[in-house]
Amino acid sequence: MGSIFGQNFKISVFGESHGPAIGVVIDGLPSGFTVDFDNISEEMIRRKPGSMPYSTKRNEPDNVEILSGIYGNKTTGTPLCAIITNKDQKSGDYDELKNLVRPGHADYSGYVRYKGFNDVRGSGHFSGRLTAPIVFAGALAAQILKSKGIIIGSHIDSIYNVKDLGFDKANITKDRLLELRKMDIPVNDKSCREKYLGIIDDAKKNLDSAGGIVETAIIGIQAGLGSPIFDNVEAKLSSILFSIPAVKGVEFGEGFGIASMLGSQANDSYYFENGKILTKTNNNGGINGGITNGMPIVFRVAVKPTSSIAKEQDTINIKEGINAKVKVKGRHDACIVPRVVPVIEASAAIAVFDLFIGQYGIESFMEESRDNG
Amino acid sequence: MGSIFGQNFKISVFGESHGPAIGVVIDGLPSGFTVDFDNISEEMIRRKPGSMPYSTKRNEPDNVEILSGIYGNKTTGTPLCAIITNKDQKSGDYDELKNLVRPGHADYSGYVRYKGFNDVRGSGHFSGRLTAPIVFAGALAAQILKSKGIIIGSHIDSIYNVKDLGFDKANITKDRLLELRKMDIPVNDKSCREKYLGIIDDAKKNLDSAGGIVETAIIGIQAGLGSPIFDNVEAKLSSILFSIPAVKGVEFGEGFGIASMLGSQANDSYYFENGKILTKTNNNGGINGGITNGMPIVFRVAVKPTSSIAKEQDTINIKEGINAKVKVKGRHDACIVPRVVPVIEASAAIAVFDLFIGQYGIESFMEESRDNG
Amino acid sequence: MGSIFGQNFKISVFGESHGPAIGVVIDGLPSGFTVDFDNISEEMIRRKPGSMPYSTKRNEPDNVEILSGIYGNKTTGTPLCAIITNKDQKSGDYDELKNLVRPGHADYSGYVRYKGFNDVRGSGHFSGRLTAPIVFAGALAAQILKSKGIIIGSHIDSIYNVKDLGFDKANITKDRLLELRKMDIPVNDKSCREKYLGIIDDAKKNLDSAGGIVETAIIGIQAGLGSPIFDNVEAKLSSILFSIPAVKGVEFGEGFGIASMLGSQANDSYYFENGKILTKTNNNGGINGGITNGMPIVFRVAVKPTSSIAKEQDTINIKEGINAKVKVKGRHDACIVPRVVPVIEASAAIAVFDLFIGQYGIESFMEESRDNG
Amino acid sequence: MGSIFGQNFKISVFGESHGPAIGVVIDGLPSGFTVDFDNISEEMIRRKPGSMPYSTKRNEPDNVEILSGIYGNKTTGTPLCAIITNKDQKSGDYDELKNLVRPGHADYSGYVRYKGFNDVRGSGHFSGRLTAPIVFAGALAAQILKSKGIIIGSHIDSIYNVKDLGFDKANITKDRLLELRKMDIPVNDKSCREKYLGIIDDAKKNLDSAGGIVETAIIGIQAGLGSPIFDNVEAKLSSILFSIPAVKGVEFGEGFGIASMLGSQANDSYYFENGKILTKTNNNGGINGGITNGMPIVFRVAVKPTSSIAKEQDTINIKEGINAKVKVKGRHDACIVPRVVPVIEASAAIAVFDLFIGQYGIESFMEESRDNG
């Protein structure tokens, strides 16, 4: 009824932006996996406000505290609970907005859903801050997947009206993805970095914000993962991707572009190369009939511009029942796209790992885990 | 592990294209609802091959047989099983293709998933024919939703390179949607119908196929439906929409377009009108924070061109382990987009009804049902 | 919301006793498993009315029709739908009882649950007849488990006031279980058969009915199956066992008897024998902390006497709102315990197989399946 | 995959006995419900070691810290996380037992399940301590149910060979249940208290332990709750009850006793009294066909004697692969039955509330909640 995702690998996310703590319970981990906490920290830093050149100055330390599920740096196999204590929050920043419904936010829809009883400070449970525990869980899932040779990486395909070079979908290398993971603004065409920063800077100066598109690839997944009709790879991925705040579109392979192709262009022709089955193009994004075909899984995610802008907007005062104006103050990123990248990758890792466990069993990862210790 | 969808309103779809029968078990219906079977038949005819001007001539009668769950034209409240017996199938058409992996299809991914044991005749469980039971279940869900004032309708937003007028997302009327449901090629700009048919005709002549985009609206849903983080309306809808064969993209409101907007353009400003809370624009597609805001839910679905084309394509012979050529014979639509429209609408009805039951309870629909008898 | 069981191996049961057909959709089967349909028929005959010496004469052929999921006698891996068409039903037998609520039945509770719209003929979806598809699904699961060396068997521990010899819980052999499966009235002490039949005969003559207890053993399951806290073996088994009509109690190992033991008696001491870890006693029924310990899983199920009796009983006329008398006519078994045995075994197979798939993965059974063809 | 229970009202339990903290995330609460934390504390004290006359002296403060989901003493409707920090644990007590498998415990089965990586200190995630968060969640569910007139109460039906007076199942009053809740050793026949304490004292002196049976009643549930076939009330309750450590049997109404009744004795006759539909007896424990019939729900739970006993027992040394002897030291209750009572009641509240939400909707409780503020 809300904040639990997964069928076999389950995460249960909790917390409100200005409450005592946020966190996640992860159920369905293999036992005996040695966790690389430094790697998890790096992922969480990628998501953190303040880690980008342009980013908001809020002091969110995101120091994770593990309450259970880890013993001697290894997973116990029983539920892992990780929490992040909330600190240094200025509730006052939000108080004046209490009755002014912020456009683009869940203020109004959440008010109706929870009859006005939800904690609205800092957007409460709707806050982008809740993606921190998702990044934690996803970074852990990604480590386990990596032990099976599966790598996830992304580039920022566009911000506002500037576009990066897209992936060559049929030929994405591990090195390329690992390189992208190291960039603060991951791009294929390096000249885009400055352009993107320029757009974000302009938006900020204009008390406005900018959106963008992230393109993500997953390589190393063998053919045969996923099940028709409903437990297919696209359904699972889209389901968790649309749970990321600000996401308004998800497409696989050529996505919406495939709709203006002919069949002879869209179909990916198979061929043998050194005994391996490959496709010449990858317009289907590595998925046919909802099942992986061994080619890179490629998808794109549309991220809307930050809803919180300092520019004056029309809105309503819901308490007084009148039309009103609002300027959303506080420290908000003029563009959250770079910070969404690790959230998308973490979410993808969670969905893919859940599918893996359902099909290959938790035990198949535990054989692995015994060796890695 | 595959073909069951839903948390409270559950559908379990079964069958292979050339097996004895396909069908669906629907669990979680309110009791006492008087079913309009004529309406269900109309929906199924919309999906049927042969019902479109250009459509394939396969004789699929889609005569539904109800095995359980209906007594005296009313739902009993216990599981409803509906089956469609397969008739007049020419297996021979497919036999020669057995080892030639058809590009764009699930032949290869399915072969690996099921170790070669799945029924491949007519694409088996991957067949588009399996959308017939989904339309049945969705038409029934839509009837129940309609009794609460909720209407679903669509237009074909584009086929290949021709584009219809999009919805005026903040101002979609019931009359408009009902009118669209009556068109064989539902379009806002009536001149598009002939253009679309022309494109399809051309594709067919060239032994090729064409894709397109469907834009769907749901009106009449009050604010407050859906739950963060994961049981949100976008996640649920996208999950079932990506389960429709050939769908490669899903977007809400302005979708991918919103990524190139500024925040001040993307945010939908609230205002009061006659005591009702509305938004001036509807770029968010009626959903904020994953919860409905009372505005029309609007989403677009990208449908790839039919994978089965008569034109020669490169591929592999999986048995012999060599590269090969294939021409996919048989009776295939050069464009399935019009036939996908009722499948999208049915899928949306199923997802929305499932969310309704979880939030308002099955009993809330049973009060209703007692009155409608 | 009712008739679907399982997390990874899912069965969806449908149908009403006097409707067109009953059946089951089985989702989550491994592909390529060669089904022994004769064995399934035998199991279904064990459950069938008329197959016991004393049993009712209703003509229920239980001829199963497979609609999907089987191709060339092997599982395809996609959903298997099996239906049983209802024939030779005399609705008239039940019509007069329509408003007379039968004590012990779900007539009243079902009336409230479904607001009077459920199909009450022959108890509708509540009918014991609905256990036929469960036996079908369970017999199939049991075959797959048997290919891994897992055997399930039972004896009738008591009927009314006569008691059989209980299992020697720490020493149950495969031969013993297979022998029991061949008996019409499975008992450890063969002299019980006549006594049981005598009790049933007496009950019948007195227009009454008798209950009993079934004790079941599962051998061949390795240690380590099941997960604390909630996905434990006892929870899963009890959950499906309590879904069998007439079951009012479930206990594992010494069950309720363990409550009057001291800890030093109840604890099962471990010892090594030829490198194998065993316990001297098996008071815990092969399960510690919800996880199998490698010893036989042993549980007992209490079955109440058939609710339908010809003897006059006090009740109400729900339509007229007055107290009344009722004699339940029709062809009813004076004791259903022997017919419940295969239902219990089938249910246990379903629950155990579901746990197996979650832990070891569907693929682990598919390796197997490729060999068995 | 383990520690999550529920379909609509979900609890996710985490933690190990000697880890940093244990806790629970509760998802699916109505918003706006004013929580009575004093009442929750009382329930947790009932479960706490040291709260019974005979009880172990371990200092477990069970001070609950709320991390999310509560704002101004009311539920927000978003996930509530409550944690209990572990303090004053003497790991040393357990260290020597590391390789000596304790009979009756999950040491061996857990070792295999988790390949030896689970945290075994104080039984880790298998510890009875993990019932504390279940009591927290259940006490909250019980409060909400109480606002609808539903009351849960229990008496200790037996300890070892001494038996209390059973409930008069068809006539259980609210006052009786509330009175029982106030007793440290809840009994119907007050003379049992001393006898029970005597047995426990004897067991302790003999370095042994004693089991018992708890009988629980739920009153105030209207007819019509639950769904055949699998989502029935008995299946849901048994599923969570068998998740409580030490539970080896669950029965409803007359339970195993009904197996030695005739149908004419077992059937509960209906009658009208002041327009209300009642049954003369309640052998079916308020449930017919898996659905409530409006009579009290009555069930009994068998609790085995504490597995940890100081008496010497035969066992194995799993590391050395030899037979061995073990005495389980540490502070253990000679009888946990009284402390299990609040756990059973809490578990029942969780299962029942989950069924309520599925059937009546979370919104039906929110109307209520707005009034109670």
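When the chains are written out, they are named A, B, C and D in that same order, and each has its own residue count from 1.
The criterion applied here is as follows: contacts are C-beta pairs under 8 Å (C-beta built on N, C-alpha and C of every residue); 3 or more make two chains touch, one makes a residue touch a chain.
As the structure is a computational prediction, the values presented were derived from the model and not from experiment.
Asks: Let me check something: if the centre of a chain is the mean of its CA atoms, which chain is farthest from chain D?
Replies: B
Asks: With contacts defined as at the top, give the pair, A-C or B-C, that has more of them.
Replies: Result of the comparison of A-C and B-C: B-C.
Asks: If you average the Cα atoms of chain A and of chain C to get two centres, how far apart are those centres in Å?
Replies: 45
Asks: What is the distance, in whole Å, between the centres of chain B and chain C, each centre taken as the mean of its C-alpha atoms?
Replies: Each chain reduced to its C-alpha mean, chain B and chain C end up 38 Å apart.
Asks: Two or more other chains touching the same residue: where does that happen in chain A?
Replies: Residues 1-4, 8, 13, 78, 113, 125, 228, 357-358, 362 of chain A each touch two or more of the other chains.
Asks: In the complex, go through chain C and note every residue touching chain B.
Replies: Going through chain C, the ones touching chain B are 1-4, 8-10, 12-16, 19-23, 25, 27-28, 31-32, 65-69, 71, 74-81, 83, 113-119, 124-125, 357, 362, 366, 369-370.
Asks: Touching residues of chain C toward chain D in the complex: what are they?
Replies: Within the complex, chain C contacts chain D at residues 1-5, 13, 101, 103-110, 112-113, 125-126, 130, 134, 158, 160-161, 203, 206, 208-213, 222-232, 234-236, 238-240, 242-243, 245, 247-256, 258-272, 275, 277, 279-280, 283-285, 287-294, 300, 302-309, 311, 313-316, 318, 321-323, 358.
Asks: Under the definition above, what is the set of chain A residues touching chain C in their complex?
Replies: Against chain C, the touching part of chain A is residues 7-8, 78, 228, 357-364.
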